[in-house]
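See structure below.
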Amino acid sequence: MKILVSYYSRTGNTKKMAELIAQGIQEENITCDLKEISQVNVDELLNYEGLIFGSPTYYGVMAAEMKKLVDDSVKHHGKLIGKIGGAFSSSGMMGGGGETTILSILQAFMVHGMIVVGDAVLQHYGPLAIGEPDEEVHGMCLKYGHKIAVLVKKIFGK
Amino acid sequence: MKILVSYYSRTGNTKKMAELIAQGIQEENITCDLKEISQVNVDELLNYEGLIFGSPTYYGVMAAEMKKLVDDSVKHHGKLIGKIGGAFSSSGMMGGGGETTILSILQAFMVHGMIVVGDAVLQHYGPLAIGEPDEEVHGMCLKYGHKIAVLVKKIFGK
Amino acid sequence: MKILVSYYSRTGNTKKMAELIAQGIQEENITCDLKEISQVNVDELLNYEGLIFGSPTYYGVMAAEMKKLVDDSVKHHGKLIGKIGGAFSSSGMMGGGGETTILSILQAFMVHGMIVVGDAVLQHYGPLAIGEPDEEVHGMCLKYGHKIAVLVKKIFGK
Amino acid sequence: MKILVSYYSRTGNTKKMAELIAQGIQEENITCDLKEISQVNVDELLNYEGLIFGSPTYYGVMAAEMKKLVDDSVKHHGKLIGKIGGAFSSSGMMGGGGETTILSILQAFMVHGMIVVGDAVLQHYGPLAIGEPDEEVHGMCLKYGHKIAVLVKKIFGK
């Protein structure tokens, strides 16, 4: 079982969140690859049981570089069914479009027939940082990694 | 393992969809209760592994009667974590707010920490009918029932 | 020209935001009525050039009490075309569904054929507070009131 | 006063809708430029009072090529405030993510502080075609062009 955490990041904030989520996954003893989105070949998506994508909040929707990979993934439409999807974002301000950015990624995963999960305690749609991730966001990202890893084990483990 | 299919319906279209989804669930040998939303006591939500809610498309958001139950469910916040959620809607026209109505229900389930799933082939966010459900929508509702039932078995079965 | 600011509030946070937005409107010399949502008769909606609704963030969607008025407004469907709509929310935490709550209101206004407006500097979809509105949110609410009032004057003034 | 209608299109369906919307605008005696998205220089956006963007429905979000221009437009953040925005989409099936694709464009425009408008009669968030635009969609696109043109005249005319 393997999970891919992929991100687009200019300031490093989204990258930092990605690293923490990847660490959380590994703490649950699931192999995790961490890649900048331009380093992901669309064929690789098939190799993972879970995909977690993170984008800065640009105009309330995932970054173009990430949407490009999503659009290219139509080549494998139908082959990602039943995989687990997650999303996170780094935003400039509260109410700045971070929730809709996360949801834009989750909606894309749903169109692929993937499974997504909310959170009753942490940020509900996925981890969201305002500016540089602080201690609280650190903890949220680790826990989000744990959670997705546990769900992958539950669904794909025997 | 039990699934609740609950609906609000004035014309009978959403109710018809609910009946078909319930039938699909039962065909997978999962017990399914089918209830009009006003007949659901909020405490009952705890008894199910899966919750599937359907609302007519009223102003692009689930009906007030359904939101009322969702708001009351705060009483059990944290106790629905990990359950499976699904949603469907009956709409007056294509592009009439049906997708956002379905998503309004799924977002509420995500805030509860529940698991939701998209579809790569059928309507992506959940079954959606325009007016009276036709043969195609019949098939989609049955398949949606199958799918949610299979996911409940995978996650909650041993 | 008149604007209605209506809100649902249990803790008083959303009410406080409503009062500030109403103050901002009045500072632009536009008459503003401020009403708790249950005090609004659906027929009154016709009397205003602008409608600004605020709800606490409950499960990522406007409160049931507000959706009830929206559902009842179908009685006047077509008569709100071209009016100005705005929305705001008070939420428990950042990433807690506040953006989707605001958008649920704006989507309802769009289904009515109304005009809505974003903000390039303040919170993009509408004012959003986390917990008790602080000084920064105070300023945002006042500015939002100004902005909607100015737009009403531009479209409905002669 | 000028409006830009821009689109991304592979099959020609979204392009056909763009042409009809442009025709509707011209019938209201407003100058309209019609451009494929890759032909739009980001600096040009400043020259228009209205921007109407159309994308195929790819994974429930505007196409990467369109998001690229939106991301680049950050260069002019704050300079599009108060302009009118519109959106449309061509989708493969009803419930296929067309509404969320339109909303992804409108949300981007709102982050720019732009004004958007729904429709009480036609498709509520913006014109949406399933496959090749039929006669009904033709009429909707023309009317949408009329409507945006009239709003531009109301707000920017003297």
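The chains carry the letters A, B, C and D, assigned in the order they are written, with residues numbered from 1 in each.
The rule we apply is simple: a contact is a pair of C-beta atoms (placed from the backbone, for glycine too) under 8 Å apart; a residue touches a chain by one contact, two chains touch by 3 or more.
Worth saying up front: this structure is predicted, and the values here are computed from it rather than measured.
Shared contact partners of chain A and chain B, listed by label: C, D. Chain pairs A-C and C-D differ in how many C-beta pairs are in contact, and the one with more is C-D. With centres defined as mean CA coordinates, chain D is found 29 Å away from chain A. Remark: chain A and chain C have CA centroids separated by 32 Å (rounded to whole angstrom). If you average the Cα atoms of chain C and of chain D, the two centres end up 25 Å apart.
In chain D, 60, 96-97, 100, 103, 107, 110-112, 124-125 are the positions where the chain touches two or more neighbouring chains simultaneously. Contact residues of chain B toward chain D in the complex are 60, 93-100, 103, 123-128, 130. Listed in rising order, the residues of chain A touching chain D in the complex are 58-65, 67-68, 70-71, 73-74, 96-97, 100, 104, 107-108, 110-112. In the complex of the two chains, the chain B residues touching chain A come out as 77-78, 80-81, 103, 107, 109-121, 124-125, 151, 154-155.
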